[in-house]
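Each structure below appears as structure tokens.
In the two complexes that follow, chain A is the common piece, with chain B as its partner first and chain C second.
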Partner chain A sequence: MIIIGEKINGAIPSVAKAIAEKDADFIRDLARSQSEAGANFIDVCASVDVSVEMETMKWLIDLVQDVTETPIAVDSPSAEICAEALKLCNRPGLVNSVSMEGKKIDLIFPVIADTKWECAALLCDDTGIPKSGKKRLEVFAAIMEKAKEYNIDPSRLHIDPLVEMLCTSEEGINIILDVIREIKKQYPTIHVTGGASNISFNLPARKFVNQAFIVLAMSAGMDSAIINPLHKHMMGLIYATEALIGMDEYCMEFIGGYRKGLFGPVK
Partner chain B sequence: MAKIDDVKANVEAGKTKLVPGLVQDALNEGSAAADILQAMVDAMGVVGEKFSTGELFVPEMLIAAKAMAKGVEVLKPHMAGDASASLGTCIIGTVEGDLHDIGKNLVAMMIESAGFTVVDLGVDVSASKFVEAIKANENVRLVACSGLLSTTMPALKETVQTIKASGLTGFKVMVGGAPVTAQYAEAVGADAYAPDAGSAAVKAKELVTV
Partner chain C sequence: MIIIGEKINGAIPSVAKAIAEKDADFIRDLARSQSEAGANFIDVCASVDVSVEMETMKWLIDLVQDVTETPIAVDSPSAEICAEALKLCNRPGLVNSVSMEGKKIDLIFPVIADTKWECAALLCDDTGIPKSGKKRLEVFAAIMEKAKEYNIDPSRLHIDPLVEMLCTSEEGINIILDVIREIKKQYPTIHVTGGASNISFNLPARKFVNQAFIVLAMSAGMDSAIINPLHKHMMGLIYATEALIGMDEYCMEFIGGYRKGLFGPVK
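Up next is the complex of A and B:
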């Protein structure tokens, strides 16, 4: 399971405060602790006014690279910002994200084509967030056409099928699970990703919904997630699920994760 | 009049299957259609309040609105010619560059439940499209603009200012969305701000009662 550590995001009040007060240690701690918890990418999202977004991204990226070599996921709704920010990274990371909206893909794909940069792609286009599985797969097909055009191997892409909030969806996540399975069937080496907490928005006891979602999505083929790697219970569940679906020979990763204390103090 | 109280309680509880029958009972008992409608509007007011305080969750708001909608269907033939029952038209949309709509849809639902006629322009709506909609619709009393991304805040500002500069009158402008604050709303020239769907409906009623 590819873990994209989500903690450095200006949408989180404590991070917004650190950005406003230039609390460098706060950001460095978040980078360090996420790396130590096993994150494969550290997501960096400024979530500030567009006039100061680029300088904030630079400040954040510099701080992360001060303390860790874990690759960075540059995160912005603006493709222009992503394209600029990736130049600040010492090693190839992940662009978070493109979609079929506007010119995002045509801006980003050529920039990353001859590099090792990976890229998250959301299944939405200029008509909005898809309401059906069929529409999601249509957007997926369009994205893969572009990937072929720019020669980007599927293994470098993380497809986010845009999970609806459970509280407003009528059939649970069954449609999304079908979409995930279909995506993996068409391109076995592609990655499927998503946020683990959008699903439970505006329900009580959110953690149960988030965790059950991750297990179900993983069994359908999700192999990448934007989560809080410091959440030990969730990490334990992810490692256990991976072993259960046959992705962890002799349960070595699971046992290793336990010994490293990634799951917290358990028996 | 016990039945009308049952209608209110069951809308609050989201009892979609029971409300139509209870509305009919209330009519049979002699309650006026307008009074029954008001009872349902009051029920949604309670629901909105409880949602704002975190006591109720989105699904409970949705089924309450559904229950009210079922009740309104029963009332319709008895409210013929009562266009004045509407508090006015509310134009709502998510601003240009932003595709998020779930919050906006909840606000639209709650404002409609409060007694407005809602015209939902959808997502990624340009400032000029808002202005066109105000011109094209009757009795526009409220325009509501939503944005979730911090990067579309400039579009929110432009939308509010374009609407205000259009020369059109007779309505108030309300804004909302995760990155929006009361201070930001004031700074861009909006008349009001609400943090969630429940308080948006309350604010909407306040704005047209001035």
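Up next is the complex of A and C:
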């Protein structure tokens, strides 16, 4: 499982405060701790006014690179900011994200075409988030056309099928699981990613829904997730699921993760 | 999800102590608390020497029936004990269990044929636990032949595919998930059950494996489980999974379970 550590995000109040107060140690600690907890990428999202977004991104990226070699996921709603920010990174990371909305892909794909950068791509377009699985797969096909055009190998893409909140659903996540399976069937080397928390919007006891969602999505082929790697219960379930779905022969990774303290005993 | 509350079992040291000391209140509390936590059956397993098993079963069954109307799962390796014990129950429950081993089915099925008793059936026979999925399905077919012979409707059966420990597996639980899917495909009204803990034998941090296993097995069609209903994290994941797999429209049961305190907030 590819873990994209989500904790450096200005939408989180404690991070917003650290950004406002230029608390460098707070940011460095978040980078270090997520890296030690097994994150494969450290997401960096400023979530500040666009007028100061680029300088904030630079400040955050520099702090992350002070303390870890874990690659960065440059995260902004603006493709222009992503394209600028990735130049500040010492090594290839992940662009988070493009979609078929506006000119995002045509801005980002040429920039990363001849690099080792990976890229998250959301299955939405200028009409918003598709209601049906079929429409999501049409957006996916359009993204893959663009990837082909710019010579981006499927193995560099993390497709986010955009899970919607469960509380308004009559049939659970079956549509999304089918979309994930179809994507992996068409491109076995592609990654499927997603956040763990949209699914539980408006529900109580959200972490149960988030955790069960990740387990189920992994069984359908999700192999990348934007989560908090410091959440030991989620990490334990992820390692356990890898073993259960046959991705961890003899549970070697599970046992190794336990020994490293990535999850540990649970009540 | 049908919850078979597992806590009244003489194999658990505190219960063995209560049996030895005739601590009736301890047993009554276990029955009451599991019932309040949402158990659909209260499993009663003496796990004592055969010479005193029947009298112990009677003592336990009477105590459970003192405090709750939740049906009992009479649980013994001996079909004779099960057949005797079920007569002590005030209302139909679950026989736990039969298999194609020895004469178990031919002892139990005639006794429950014209009743509303349900029955757990393990997919093993006199040669032990089958290694392959194919062989498990052959044992299943033999059980269903017997069910037909004794006129036991599939909806009264809880088939336990017998999950083996993950740590010796090279491909996870894919075989078992396929067996579960096939069973439900052949008999949509049948129940598929199982314990949550065999899977994690010999592993550290077992609860992660148990929890992820239940989520995955539910997505394949498991709709009954022998678990501890007082374990709030497991119960939260079960309720969440029901909603995620489309068995709980608009999450009404999930929200109701939360309000009843069956799981509650989680860190």
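Operating definition for what follows: the second predicted complex is superposed on the first by the 264 of 267 C-alpha atoms of A that agree within 3 Å, B and C clash if a C-alpha of one lies under 4 Å from a C-alpha of the other, contacts with A are read in each partner's own complex, and residues count from 1 in each chain.
Please note the rule applied: a residue touches a chain if its C-beta (ideal position, glycine included) is under 8 Å from a C-beta of that chain, and two chains touch if they have at least 3 such contacts.
Note that the coordinates shown come from a computational prediction; the quantities given were computed from them, not determined experimentally.
> So, A:188: does it touch chain B (first), chain C (second), both, or neither?
After superposition on chain A, A:188 lies in contact with neither partner.
> Contact-wise, after the overlay, does A:101 reach chain B, chain C, both or neither (first, second, both, neither)?
Once the two structures are laid over each other on A, A:101 reaches chain B alone.
> Under the stated touch criterion, which partner chain does A:203 make contact with: chain B (first), chain C (second), both, or neither?
Both partners, chain B and chain C.
> Between chain B and chain C, whom does A:241 touch in the aligned arrangement: first, second, both, or neither?
So A:241 only meets chain C here.
> I'd like to know which partner A:261 touches here: chain B for first, chain C for second, both or neither.
A:261 sits against neither chain B nor chain C.
> According to the stated criteria, A:174 is in contact with first (chain B), second (chain C), both, or neither; which is it?
It touches chain C, and chain B stays clear.
> Which chain makes contact with more of the residues of chain A, chain B or else chain C?
When the residues of chain A touched by each partner are counted, C comes out ahead.
> Which partner does A:215 reach: the first (chain B), the second (chain C), both, or neither?
Touch status of A:215: second partner only.
> Touch test for A:78: chain B only (first), chain C only (second), both, or neither?
A:78 sits against chain B, while chain C stays out of touch.
> State whether A:49 touches chain B only (first), chain C only (second), both chains, or neither.
Touch partner of A:49: chain B, not chain C.
> Do chain B and chain C touch any of the same residues on chain A, and if so, which?
On chain A, the overlap between the chain B and chain C contacts is residues 167-168, 203-204.
> Give the list of chain A residues in touch with chain B in this complex.
Chain A residues touching chain B: 10-11, 47-50, 53, 76-78, 101, 124, 126, 128-129, 165, 167-168, 202-204.
> Which chain B residues qualify as touching chain A in the complex?
Residues in contact with chain A: 57-59, 62, 99-102, 105, 122-124, 149-154, 178-179.
> Which of the residues in chain C end up touching chain A in this complex?
Interface residues on chain C, with respect to chain A: 166-174, 199, 203-205, 207-209, 211-213, 215-216, 219, 233, 236-237, 239-241, 243-251, 254-255, 258, 263-267.
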